[in-house]
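First up is the structure itself, then whatever we jot down about it.
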Amino acid sequence: MDISQQWEDFLRDATEEERDVASLFLHSLKRKRDGVNGTHIGALMEIKSEFQEPDTLTMEIPNTSLLQNSLDILHGGLTATLLDSAMGTLAFKLIPEDKAAVTTEMKVNYVAKGVGDHFTCVATVIHKGSKLLVMEGKVYRSDGTLIAHATGSFFVIPKRS
Amino acid sequence: MDISQQWEDFLRDATEEERDVASLFLHSLKRKRDGVNGTHIGALMEIKSEFQEPDTLTMEIPNTSLLQNSLDILHGGLTATLLDSAMGTLAFKLIPEDKAAVTTEMKVNYVAKGVGDHFTCVATVIHKGSKLLVMEGKVYRSDGTLIAHATGSFFVIPKRS
Amino acid sequence: MDISQQWEDFLRDATEEERDVASLFLHSLKRKRDGVNGTHIGALMEIKSEFQEPDTLTMEIPNTSLLQNSLDILHGGLTATLLDSAMGTLAFKLIPEDKAAVTTEMKVNYVAKGVGDHFTCVATVIHKGSKLLVMEGKVYRSDGTLIAHATGSFFVIPKRS
Amino acid sequence: MDISQQWEDFLRDATEEERDVASLFLHSLKRKRDGVNGTHIGALMEIKSEFQEPDTLTMEIPNTSLLQNSLDILHGGLTATLLDSAMGTLAFKLIPEDKAAVTTEMKVNYVAKGVGDHFTCVATVIHKGSKLLVMEGKVYRSDGTLIAHATGSFFVIPKRS
């Protein structure tokens, strides 16, 4: 059966919540198609990224049901995804164009519940070496409370051609 | 405009890849509706969880385009999501029924590229205290190569009633 | 044989370097006796601690041969000792008098060689909860270069009476 | 005044505990002179190291007052020193002779009090790459209880000639 037909069938009996999620999914596919986000997970999280000179990168995401664990709190893994994305994107900004940066390790401390309207992640530089970059990332909720702190190492490698 | 109509419009011009992802999204909503997964991110990752006596928990996920970063490799944040889910689920198994466990910190070492057919995460116990549990998690790809290693701390708290 | 006699015998044939270390050891015992440091390792490292309102603690140590690894660089373990001491001492300052704080985890990123005249460690607060404190620590060498960055968790427990 | 004379003066009024520590210090200088340990901190901790084929390294240390924090428990920093030493020594064993390995990061989880007669550290390999090695370390007390768990990254560099 055609996927379009399958969606129609599913949505006929869908709850309000399911229709909202179906809408988030469709929105995510459009963001990916339009190049707003380069990855599906970035599109699902609706990541907006902003680089600030000289060495800071900010990412903001709305809080949606897609991000929540069974306690309706931002899933710790998605907090880590946001942190890894922000620190990694900043690392890419800071290395030569013919290089790539891969995460070799990341540690996250979770210090408060992820609730509220949206989340903001701020990535900064701890150390910028020619072979290894060490980054710091912090995630805040809309009321300004810090919910997670991370440090991560990014190894500089030649870019795949 | 109705969400069902919006999906139909989008899918009319969709690429093969977009139709595949639309299918994964629909599959995910069905897994959530049927209670196969308790969270949307678990359903999107198609997590299958298995507890083994006395103290091991295994999670398996297929490798889909939803999980990949811009280099077509398993996103480090989703690796962390899998690890946090497996270690956290194991923590819940090991504490009294009137308690909950929250992740206070997690560190992941990324040691090989996440590629291949599926990924398997194995969570085990490093320390089981009455207030704090320390867990270990490992993620393997289908060919048996270890791709990530994690340790995490889980704080035991009273369950919300 | 009496320990005093043993020292005399050893020092009779000692090299210049050994006499210097013997002097550091004696100095350390005096610091401990005079209460300048509360622990032998603190006295050996000649830790000087300074608390700054509201939430910062600084520790300074001279660079001596006692601290060096086989490459004549500050031993990573002693860097960790300095960081744990500074973050832990700060944690103690910030909790009620009838409580103690124990390190539950610490992660250190080593980013430059520990060489030079002395080292300065600065500990600050990431999160101050009633049960868990998360601290940040940085170690600098005399020329101002950051050599290590740490985060650590400190669990608040009742003080032993 | 001569260092030998200074030791004599100090020891004349020394407590039993101070004489014991003076003896540990002298013992440490002898271990260093005899090449039993390559570093002062290794000699002070009386580290005995044993490599087991193919990929395990064990270090054992006696529990002495030199190692204890103000609560008479093994200092978390010295636990880290033991772990870094064991993991680093194992890393050196596993790389080509013209290479060196430097610690780029280490995370330690402290899970039980360090008390008892002696401590044993076991280092094993998580990942052995050509540029980066990831190690695991565990510290046990004499009664077999795990007191600390660590993971660490070791970067392979050309040896200084």
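Labels for the chains are A, B, C and D, by order of writing; each one numbers its residues from 1.
Simple rule for what comes next: a residue touches a chain if its C-beta (ideal position, glycine included) is under 8 Å from a C-beta of that chain, and two chains touch if they have at least 3 such contacts.
For clarity, every value in this text was computed on a predicted model and none was experimentally measured.
Taking B-D and A-D together, the chain pair joined by more C-beta contacts is B-D.
Note on chain placement: the centre of chain A and the centre of chain B lie 15 Å apart, centres being C-alpha means.
One finds 37 Å separating the Cα centroids of chain B and chain D. Annotation: 40 Å between the Cα-based centres of chain A and chain D.
Touching of two or more other chains is recorded for residues 104-105, 107, 109, 132, 153 of chain B. Chain contacts here are complete: no pair of chains fails to touch.
For chain B in complex with chain C, the residues that touch the partner chain are 104-105, 107, 131-132, 153, 155. Touching chain B in their complex are the following residues of chain D: 107, 109, 111-112, 126-127, 129, 132, 134, 136, 146, 149, 151, 153. In the complex of the two chains, the chain D residues touching chain C come out as 3-4, 6-8, 10-12, 14, 18-19, 21-23, 25-26, 28-30, 32-33, 38-41, 44, 65-71, 75-78, 80-85, 88, 100, 102-110, 160.
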